[in-house]
Amino acid sequence: MGEKKQHTDVLVIGAGIAGIEASLLLSKSGRRVHLVEKTSYTGGSVIKFEEVFSNMECSTCMVSPVQQELLQDKNINLLMLAEVEEVKGSLGNFTVKIRKKARYVDLQNCIGCNACFDPCPVSLKNEFEEGLSERKAIYVPCAGALPNVPMIDTEHCLHFKGKSCNACQEACAFEAIDFKQKDESIELGVEAIIVATGYDIFDSKKTPKYGYGKIDDVYTAMEFERLYASNGPTEGQIFLKNGKTPKSAAIIHCVGRDEKGYCSAVCCLYSLKFNHYLKSKIPEIKISEFYTDLCIPGKSHQKFYEKMKETGTQMIRANVVEVTKSGKEITVNYKDENGKKSNLLVDMVILAPAIEPKSDASELAKILGVSLDEYGFFKGENQDVFSVVTSKPGIFAAGCCQGPKNIQNSVSQANAAVGKILSATKTKMEGDITA
Amino acid sequence: MSKVEGTPITKGAIISTKLNTNESIIEFLKKAMDKKVFDAVLVPVRVPAGDSFAYVLIEDKSLLKDAAPLSPIMSVQGAKAISGMTKLGKGNMKIGAVMRPCEIRATVELTKINQTNLENITLISMDCPGVMPISDFLKDPEKSMKIYEDAVKRSDDKIMRPVCQICDKSSMVSGDLHIGTLGAKKGTFFIVSNSQKGNEVMNKLGIELKDNVDDWRNKVQDVFEEKHKKREKSHKDLKAKTTGLDNLINTFSKCINCHNCMKVCPICYCRLCYFDSDKVKHTSEDYLDQAERKGSIRFLPDTLLFHMGRMMHMSLSCVSCGSCEDACPMSIPVAQIFSMVADETQDLFDYVSGRSLDEPIPLVGYKEDELHEMEDAK
Amino acid sequence: MTKALKINKNIEQGILEFLKLLLKNGKVKGVFTLKKINDEGSIAYSLITEPEELNNAVPFYPLMPVNAGKLLSRFTLKGSTKEPVVAVVKPCELRGFVELIKREQGSLENLFIISSTCGGVYPTNMAVDGTIEKNLSKYWDAVKKAEIPAEIRPACKGCVEFIPYTADITVDLIGKKDIDKQFTMLLNTKKGEELAEVIKGEFLEKDLDKETLDKFRDKRKAEEKKLFEKIDSEMKGISGLVDIFGKCIGCHGCMRVCPICYCKLCEFESPDSEYSPSSYESEVKKRGGVRVPQGVLYYQLGRLTHVGISCVGCGACDDVCPVDIPLATIFKKVGESVQKMFNYIPGKDVDEPLPLVTFEKEEFSEVEK
Amino acid sequence: MTMKIGVYICECGPNISEKVDIDKVIDAVSSMSDVAVVDRYKLLCSSDGKKFLEEEIKKHGLTHLVVSACSPKQHEKTFMEVCENAGINPYLFQIVNIREQCAWITEDKDEATEKAIRLTKAAIRRVRYHAPLEKKEIECNTDVLVIGGGIAGIEASLQLVSANRKVYLVEKTQSIGGLLTNFEKTFPDMQPSSALINQKIQSLNNNENIKVFTDSEVEEVLGFFGNFEIKVKKKAEEEPIEFDVGAVVVATGSNIFDPKKTPQYGYGKFDNVINSLEFEKMNLSGKISLKNGKIPKSVAIIHCVGRNEKKYCSEICCMYSLKFVRYLTNKIPDVKVSNFYSDLCLPGKSYQKFYEQTKGNTDFVRSMDVKITEKDGKLNIEYKDETGKKSDLSVDMVILSSAIEPTSDASKLAEIIGMSQGDGGFFAEEHEKLGPVSTSTEGVYVVGSSQDPKSISETMVQSEAAAGEILSSLVPGKKIEPEVKVSHISESLCTGCKTCLSVCSYGVITFNEEKKISVVNEAICRGCGNCAAACPSGAATIKHFTFDQIYQELMEAVK
């Protein structure tokens, strides 16, 4: 080992599925992991889905065991409400500064009984639920969030606005609420870094022709996911703004594809999944999918597609699509593959927007000193589309922060990043064991 | 089901003889032993006391004098004899075993679950006229012998086991060779082969299987249709009497838990029956709890459960041989009930126990689409 | 002289009332006795906790569907009952139970035993067509007259142990002409007296009527002698054995109903009793022919050695045998000869240790051939 | 030693105590047999609570522990640790969920209390039948067998050897490199494949930790994770080579669909209809020409050949077809190329860009019912366009973009290793999402296109992923801990009917021909319980889920 003392800890940024899998695998190998998560919960966007294609497995049931494992793993130092502020050094010797915001709720004492919510006088839109439901100033994003420990939103909490409100504190039987908590600045020495910060959804407002934001009952994919979610704002009931059950729905693919200049790889499949969502709740509903090219790569997905088609869904290959509203009706105007103009009246429209880099990706890239590709995703070594190796040795990117992809590929990349780290640093591996 | 089960056999050998069926079969066995086709044969032999028959593995031909392939009773189900001999592996002797079709079907089932090894055994069946209930036979063995022979001549099944009277598989060929007497002209009988092994035996014996056996097959078909009607009728009547919990409880109420039915059943191969195991031995508290819930419980409480459990375990393989009913000291119509259920469960999987070695027992082997049904269900 | 309780009631009603009171007064949590379990009159041992359910109970019914000794053992196998329970059983059943207790297969703790001088029981198959029901009045007449009822189990005909040994309460039946009006319960133990508290009656000091019962015993002895002689004639030497067991179909029913057979897995159903093909082949080469499956005689003789010393001669094995082998008589005869050697009466006394008997398979290997 | 059960009921602050009348619960269970102590505590999962439990166990000399609190998901582990610290086997413990399953699901206090009592009693009855289970540890071999010398196998081997793992690389053909060696370039970067592959092969050859067997096939894989015994048969050699490894990576790659099975394209019938691999080779040879040696002036590329037959989209055909357009226009500037396709599949970043940059050099004809005939010496493509109109096009050469399919010997290998084949006959991963490279056999990993059609770059990621799994689970000097709640088959009860063998998903049951009984390899049994459910003789049981444990629990619960 002659070389100068190196760190063996690993920093993982983002506690979505990729970050979790990477952390667990590293921990299994005996590494200590610092997992930095911006939000107050783990699971990233996967926990927003009720079911995942193609086997329609319950998503939370799939992930929560992994989350539990994470929370109970003594090798993993989970830092929530935390962000990386500064990264210095190089492979083997990174020095990382992390800013960890106070949660004001003690992770040990709180047992997640939620008794503190009701008394809180403040009500706000719940971002996690795409604003479809309300939350308090002390809150967990959704039922079943892990860790099941609320946080206090200091921007809106009366207590932090100088008012003398202690409602939550009084309601807590476990003295878990601690207004005295302070933000911390943590400095760590790590050997390598895995970036797994995930993705954002293309803002459908940028494609006005689909009427999103203007027309009621035009939903984005994420909104719809939450509508269908049994722990979501409607507890899985699908109905229109006017409370009625939709009799027909249109799903529009490739929203923002032209703007982004790439295919997001998962939209066709999750759109097909939405078919199942709708049919399972409203068997008689009439569904039309507007698409240009069907992208369902892989051994299992066509089978999935065929199964969906059996439900009588109308697949319409259409080029220009515009959504308008006259009176009550929503009209989808389109040009079919023969170039013929036609239109379709529906109760509800679901947009399948593209996957795009996180808004703060470039900022993080700057801090890490790695380059992004032309789309703003973390760039793989020499143009390699899937490579987890970034432009800077010792820093790896996994999951959708590296490019749009499905869960399977995200997990593969997470494990690959771990593979890269472990194989690059064999000498210390044995060191660890004998030490 | 309007056709006799099993693969249709068109060719065979017609043998002329002055002997009766029993003697002819014994002759056939002797010949096979002379030609070293078999080193030994397994046949029912009358016991010295003359009041029963037992399977005996015979090498010394002189002992064949007491052999009775068509014994009037089935004291031990032949399949049990075969597994008794070969459960631990194949022997070195080439053995010809003469058994009733239902015994061979049970043997086939046992082979599927690895309880026998047929490598060196040639299974020979015959058109079965049925057997008497042991208890009837024992009233006066000598007289019973006459009664039986006479009944067989008149092909009258009234004296036979109740399940024999409704057996529609009495000529089903699932072994290697089969001796056919149905539809045979006087002084002749048929031999047909159902397997490569069978063909080889006939070959070594220099008997060609080139004769047309339509007469046999047609007669078999007639018997099948007649018996099948009878069977369905009898099952229908029995079902009326035994459906519903109360009827079931009453039907088995006289059971004294001797488990004879299980022990003599060729299919019940468990080393230690669940219902004899510690699993059904509870603490006095448990028993009192149960009693308190009902005010009173029969003791032991698992009587009906035993029969239902056994049914669940073996009805897919039940061959309706009737051994259980013969062994029941309380004259419960076990075999009739089990054969009724067996027909229904086996129909479900269009499976016939013992029809062929190549059919896996349902529930162990499964078809892939069965799984998809499950998927779609949820 | 023993404490006794005279009750001026018809025996059937009287005993049922007594049992009901035991339940109602919380003396016991449950009553274990014979009971009509359906309209067809099927009778089975039942565990009863609800007084009303006793209306269908028939404690002294001349039938032994299963040897209750086996059932009581099952009831207390996993430890003595925490709640008090009273059981009404026949003397041989009680003795069977005691033999099992000696083998750690049960416990008398918290268990109250009511038994009676026993007139014997009918073969179980007579219950199938209701013959017993028809014979009942004849049966009780005989019992009242201290005679042997016709058609009862051969084993019972020749049974001389018709007086219970270790019962807490003995109901005196044999030779009691007036049991339709009154009957006496001998309270043999403190436990017995404790039970008796619940019912009104006339307490007295009394013993069983020795004279009557001795006479009765002689009649039974005579019957037993006949049975033994018959067996002797049928069962001369090994060939006799082979003949008599020759028709055994190996159903092992006798073992399953035997109150003494308590093995979890009978030796003769265990892997040790599986014969390799080679053993068959060597046999057949030696003798030209061999019975398949092997081991019928093994089984019978093996069981004889295992059980002989404790055989209580209840006759359950006789009843269950589908091929009418006179097992009970054989076992009783052999059993008694062994028992005499150790002058041991099975089931007489819980504290009397078992004479040591072991069994070596080899001992019989010649016999089998 | 007499059994002493301690029963502790957690108030969980107000969460349980508000709904469940804990004192009632205590009364109800204290009289139960073998119960030594019953007590309540404010919050058992708190550090004080854990200390309290530990002291109680020691103080009363408890042998068994029952805790009525929250969901086992949350704190079963916590209390099992308490048991261990207090010196009793953690499996002599049972947790009861009286929060989520009682307090939180009803407003009715009596109901909640009643259910809490039942569940707690049931747990007490159950725990009486618990048996201590001991963690086992197995030494493990850290060497790895990699099957398949294509890019997938090479990449996996590279990752492993650079971590000082010994790797045995088994390749069926006489040289490593795989399909990639037939390609001139890879999409979308259009870098020469030779550069990529040769450099990797180089660094492999320079590594002393790798042992490469070419012309060889794996003949036997026995044993289990950490301890596999391997037999490899090398062509022309008598004796198979034997060695042990800890893990196996399957990287056997794929074949392309044989267009003869789709006669409408005239493959094998017409000279100048060739499949994609043939075209790659032709292109690599440096000269793209017709059979008659002439240079083609017009070429048609037919997409999705075999898709309908295979019933899946092979993911990469659209992209390599576009690559072909590049090949063609580079070598034959004036060539006219037409793509006949139905849907363009360009998943992920930068594929679309590649398409944009290429589409100028070719027409895209969205078409169906494509049929190829020969018409005056040229190939004639009859098709229906997207409006359903029939038309045709005459070209010199047709390239068929064939689907990707599993190699013909996949099932044989699956048999040998005990892997299952999933959709399309590709090797099945353990979990579609969370276990993309592991399989149902622990320690066996599957990477590259033998698992699912995929691009080179995806393949390499999978290889690295498998390396990650192996490097973290097989660490030198670290022992592996097999599952303790495993199946057990009683020797005396097993009748050798082999039913269990047919239902064991992990192939951990073997048959002892001598004793004629089934035997579980407890080291690798995952305790799924299939055998226990299927065994008619009651010989198979799962530890910690024995008949008694479940029966006792139920008896009490349904009382």
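All chains are identified by letter, namely A, B, C and D, in their written order; residue positions are counted from 1 within each chain.
Criterion: a contact is a pair of C-beta atoms (placed from the backbone, for glycine too) under 8 Å apart; a residue touches a chain by one contact, two chains touch by 3 or more.
Everything numeric in this text was worked out from a predicted model, so none of it was measured.
Looking at which of B-D and B-C shares more C-beta pairs in contact, the answer is the pair B-C. Ranked by how far their CA centres sit from the centre of chain C, the chains are topped by A.
The distance from the centre of chain A to the centre of chain B, with each centre set as the mean of the Cα atoms, comes to 65 Å. If you average the Cα atoms of chain B and of chain D, the two centres end up 47 Å apart. Chain centres here are Cα averages; for chain B and chain C they lie 35 Å apart.
Chain A and chain C, compared by their mean Cα positions, are separated by 75 Å.
Multi-chain contact residues of chain B (touching two or more other chains): 87-89, 271-272, 277, 282, 285.
Chain contacts: chain D has residues 33, 492 touching two or more partner chains. Contact of a single residue of chain A with at least two other chains is seen at no position. By the definition of touch given earlier, these chain pairs are in contact: A-D, B-C, B-D, C-D.
Put simply, chain D touches chain B in their complex at residues 33, 492-499, 502-503, 513, 516, 534, 536-539, 547-548, 551, 555, 559. The touching residues of chain C, when paired with chain B in their complex, are 29-30, 32, 35, 37-38, 40, 42, 44-50, 52-53, 65-66, 71, 74-83, 85, 124-125, 127-128, 239, 242-244, 246-247, 249-253, 256-257, 264-265, 269-271, 274-278, 280-281, 284-285, 287-294, 296, 319-324. Across the interface of their complex, chain D is touched by residues 82, 265, 270-271 of chain C. The residues of chain B lying in touch with chain C in their complex are 40, 42, 45, 47-49, 51-52, 54-60, 62-63, 75-76, 80-81, 84-93, 117, 134-135, 138, 249-250, 253-254, 256-260, 263-264, 271-272, 276-278, 281-285, 287-288, 290-292, 295-300, 303, 326-331. Across the complex, chain D meets chain A through its residues 12-15, 43, 45-47, 70, 73, 77, 159-160, 162-164, 188-189, 191, 307, 311-315, 343-353, 356, 366, 386-388, 422-424, 426, 432-437, 452-455, 457-458, 460-469, 471-473, 475-478.
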